[in-house]
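Alright, structures below, take your time with them.
The two complexes that follow have subunit A in common; it is paired with subunit B in the first and with subunit C in the second.
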Partner chain A sequence: MIYVKLPRENFTAFFESLKNYGKVYGPVKISESYGFKEVSNVAQLSLEYPRTMIPPKKFFVKPKERIFEFDEEKMEYRETVENTEIVIFGIHPCDINAIKLIDRVYINEMPDKYYQKRRENALLIGVSCHPDEYCFCKSTGTSYATDGFDLFLHEINDGYLVRVATEKGHKVITQNKHLIREVEARDMEDFKENERKRLTEFKLELNISGLQDMLELSHDRAIWREYADKCFGCGTCNLVCPTCRCYDVVDCVNLDLKTGERKRKWDSCMLRKHGLVAGGLNFRPTRVERLRNRFNCKGSLREDMMNCVGCGRCTVYCPADIRYVEVLQKVRGEIK
Partner chain B sequence: MEKPRIGIFSLTGCGGDQLMILNLEDELLDLLSHFDIKSFQEASSYEETTTELDIAFVEGSVSTKTDLERLKEIRNRCKLLIALGDCAIDGCVQAMRNQQMTIAEKMRKVYGVEEDYYDVLEPKGLAAHVKVDIKIPGCPIEKTEVLHAIISLLHGDMPEAIDYPVCVECKLNEYPCVIIEKDMPCLGPITTAGCDARCPGLGLDCIGCRGPIKDEANAAEELNLLSEKGFDFEYIANRLRFFGGNFEEIVKLTGSLKKKIGEGGQTDE
Partner chain C sequence: MMRLENVLSPTPAKIIKTEKMTDIERLINLEFLDKNFAKEFIYKPGQFVEVSVMGVGEAPISICAARTNPDILQLCVRKVGRVTNAIHNRKEGDLLWIRGPYGNGFPMETIERSHLLLVGGGLGIAPLRGVLQYALQNREKYGEITVFYGIRCYNMMLFRDEFLHLFREGDKQNVKFYLSYEAPDDKECYELACERSDRCTQGVVTKLFEKTEVSPKNTYAIICGPPIMYKFVVRELIKREFRPEQIYMTLERRMKCGIGKCGHCILGNGTSIKYVCKDGPVFTYLDALNTKGMI
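The block that comes next holds the complex of A and B.
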């Protein structure tokens, strides 16, 4: 890791320079929430944002997309290849860790070329944050991003301490060296002090020790029924989750009945058809089964990482006010 | 290959679903050229009343004895029956006072007399009387949805039925949630999607015009949600019944609410 300093007075110029690396997206206020949108100047950014409603996974696993066009008569298909370079500025550690997790699935385990291409074409710049009452990333071990980004900006008194994690990030720093300073002892102290302080700011805690066993041993607990009665089965929790990555595929034929396109869009395991397979069998026909499955999935491990990064979105945006941490506390018997 | 013979019919309703087919202006001629049209009331006065049909599209609710006779007659001569729009699926707005008022009371309220001039039946969807093969929801239907459904059939597939709520489309489009952010009485969580969340996308709350999701919509929680936001039971009951008057869970729920309202309005229970 290389550490450099971006003085506050150079921030705007640095941000402007990012346009050389692609279309720049950053957190912007939309209505009462936030979302990653294309930004043309620093004034549009809301860097103090708690979380966006839709996580930055949307740049890599698209909410809806065409994957190829086909011609049934000619037996041909043409893939939709996108080759746009983008810069995502201002990602929080939880979301960086979530992208790392999806990388494991769509790059390492089941390579998805659309995903891979978009990841290659993106420059990820993280920014430090402060938790609100819904954040519990400290509990899930994802409050700090050790890697998975190109640059990470930690706010210090008179600017940012920048961690440079990749060659790509290093290139940006070298090409902007007139804006960059060396890190001094005071900056390191600031950085350490801020990180220490930040860890004391968390209000919400989730005990994840042995969570997988607790979930497995709670399969028949009445609490699932209780929450399933409240749950709308609307899929919001999945769709705003930075680690959920299920999608649904449909073919759309044109009126000529020969040509068409194959499309995919985000799916949700809370929706009835998620468990529906050929022949009409649904292996999770009821809401209670779907809800329990979702909590089991989030609590399960991928390598050593939980499928939850503690961002709080599923709680904030649940129309039925189902609180993720509270559910798991009930599962453990910590609260009644 | 012989072209499939189709008929497009109206029972009680505004005729808006047939109109949506006609609104497919750019595709209409290509689309219709795939078919031998035996009846299309809103487009042409030409009609063959006894021909066997491959597909019958029926819009409107069964609200009179005449409707019912016509529906049975259509069912008898078609292979595939498509309920087109909310009226044909579950009665839509005509059904909002079902089981709350007798026909005589309705006649008195609307026409000032109790005499039933129209042989009225309590408004129901087609499936309450005959077998329905495919349902295309909406008030009115989405023209792209009916287009894709017809293309699927021509291609030899069954059309994809949407059975997830509007919330999904809000998230896919990154529309701010009007429930969470604005405390609006949005029916999105229980309403069949397929509109691409048109209203929430404009900052408006969903009024449920595509109907509650059959066997899935959690109307009881919608009631909790809206009452927690400060809306009174009568308002919520009316809102749920607007497009869901024949929806079993809503009938039960609003039946018990009516009692509560009758007993002196809101209770804390």
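The block that comes next holds the complex of A and C.
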């Protein structure tokens, strides 16, 4: 890894230079919450944000996107893969780790062209953060991003210690070398001190050891009924989850009834029609099955890997006040 | 930059024949316009394709025949929703758009040199027909083939000529074809039962287990039918000492992508999460024991 220092006085100039690499998006305060929006100057940024409502997955798995246009009469269709370069500034480690999990699904096997293209066209710049009372990324092992970004800015006393993870990130640093300094001994000490302190700030903990077995052994337990009775089945948890990536496909026809487009859009496993098959049979007919399925899906992407990065969004935004960690503590029998 | 293949791109195929099989099912025969693509479109029994009608949508349909050369892709389609209704309304010469083949398919090599017991209920016979055809194309590789086919009534019988031929003449190819029908007053089926009382019975498909001795010895059972059917058939097989890994079954879900991304076909629990589209649709009963909610 290459480490450099970005002194605080150069931050604004550095941020301005990012516009050379594409449209720049960063965390912005929107009413009571935060979101990644296009930003034109540093003043718009809210770098102290706890979490955005909609995670940065939205840049890669789009809430709604066109896959292709078709013309039935001419018997042809046209792919519509976009090619816009973007910079995502200020991503937290949990969200970087979440993107890595989605990569496993969308790139590692049967690569999805639309997703892969957007990943290639994005410059990811991480920023260090402090946990609030909903964060439990320390427990899920995702409180630190070892890779999955181009640059990562760790705040230190008089600026940032920057980790340079990729060729792309290195290019940005080289082209901005007038803004960059070498890392000094004091900066390294600052970095270590901050990381150590940060780990002591976590208030919420989830024991994930053996969680997959605990979930399976709780399959028929009343706990799912208990929470299903509380759950509104609204699907908010899916929308705000940085690792949820289910999609639905719809065809939209133009008024000529011959041309149109195929779209895909975010879907939600908490909605009734997610488990529905043709003919009306539903494999997850009630909220009990749907809620349990969601917790199992978050519990394992694959048998050996959790599909949750501990960002806390599903708890913060749940209108029924279902607390993710509390549910799993009940599953484990840690609370009654 | 490397040129990326688009896994969501469908390929046009022309309907060369569409045959009415029952009031709700049609057999669609397709030929790819691109002959080179057709050559490379190799599939196994039990795999499925995503079929598009542009402007209506896409649906997963299992391939109901073994591959032949030159290939005609055969799909048995029941009209139950928007896409399948649109497929039914397409005429010969019209286009459908195909992606695939997807899924693991039946392990035809693993089950070589064994006897096969195929248990199909209703439309579930469609993917099993691919297994049956494949085994008949490679007759020397497989032992005795027994088929249990459960139907509601004579009018709902799929591939009627083909199956009645096997029902009557199958023994010449070492195929024992059994039939069960649910409607008690079905005249045609009653006649079949009179014709071969040892091969045809009134009742659900599990009734056929009473008709014949089913031995687990060197045998693989392959099941496909409506979801309710699986546990009853499995119960009969386990009673006859089939081991869970000797029982294969193929499952139905609403696979929107076919490639493990859209999430609709997810099932299972903590230690065993499966996507029907890419880990299946063919699973063993051992998988089902490991994976909650499979059957």
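By definition in this document, the second predicted complex is superposed on the first by the 331 of 336 C-alpha atoms of A that agree within 3 Å, B and C clash if a C-alpha of one lies under 4 Å from a C-alpha of the other, contacts with A are read in each partner's own complex, and residues count from 1 in each chain.
Operating definition for what follows: a contact is a pair of C-beta atoms (placed from the backbone, for glycine too) under 8 Å apart; a residue touches a chain by one contact, two chains touch by 3 or more.
Source: prediction; values computed, not measured.
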| item | value |
| --- | --- |
| Subunit B versus subunit C as contact partner of A:Q212, first or second or both or neither | second |
| Touched partner set for A:M75, first subunit B, second subunit C, both or neither | second |
| Touching partner for A:D112 - first (subunit B), second (subunit C), both, neither | second |
| Which of subunit B and subunit C A:E120 touches, first, second, both or neither | second |
| Of subunit C and subunit B, partner touching more subunit A residues | C |
| Subunit B versus subunit C as contact partner of A:G275, first or second or both or neither | second |
| Contacts of A:I30 with subunit B and subunit C, given as first, second, both or neither | first |
| A:L257 touches, of subunit B and subunit C: first, second, both or neither? | both |
| Touching both subunit C and subunit B, counted on subunit A across the two superposed complexes | 250, 253, 257 |
| Touching residues on subunit A, where the partner in the complex is subunit B | 30-33, 35, 53-54, 58, 63-64, 229-236, 239-240, 250, 252-255, 257, 265-266, 268, 271-273, 287, 316-317, 319-320 |
| In the complex with subunit A, residue positions of subunit B that touch it | 27, 30-31, 147-148, 151-152, 154-155, 157, 160, 163-165, 167-168, 171-174, 176-177, 179-182, 188-190, 203, 216, 218, 220-222, 224-225 |
| Residue ranges of subunit A in contact with subunit C within the complex | 67-68, 70, 72, 75, 77, 79, 81, 105-106, 109-114, 116-117, 120, 211-216, 219, 245-251, 253, 257-258, 260, 262, 264, 267, 269, 274-279, 281, 283, 289, 293, 296-297, 299-303 |
| Residue ranges of subunit C touching subunit A (in the complex, touch as defined) | 1, 4-10, 12, 52, 54-59, 78, 80-81, 84, 95, 97, 227, 252-254, 256-257, 259-264, 266-273, 278, 292-293 |
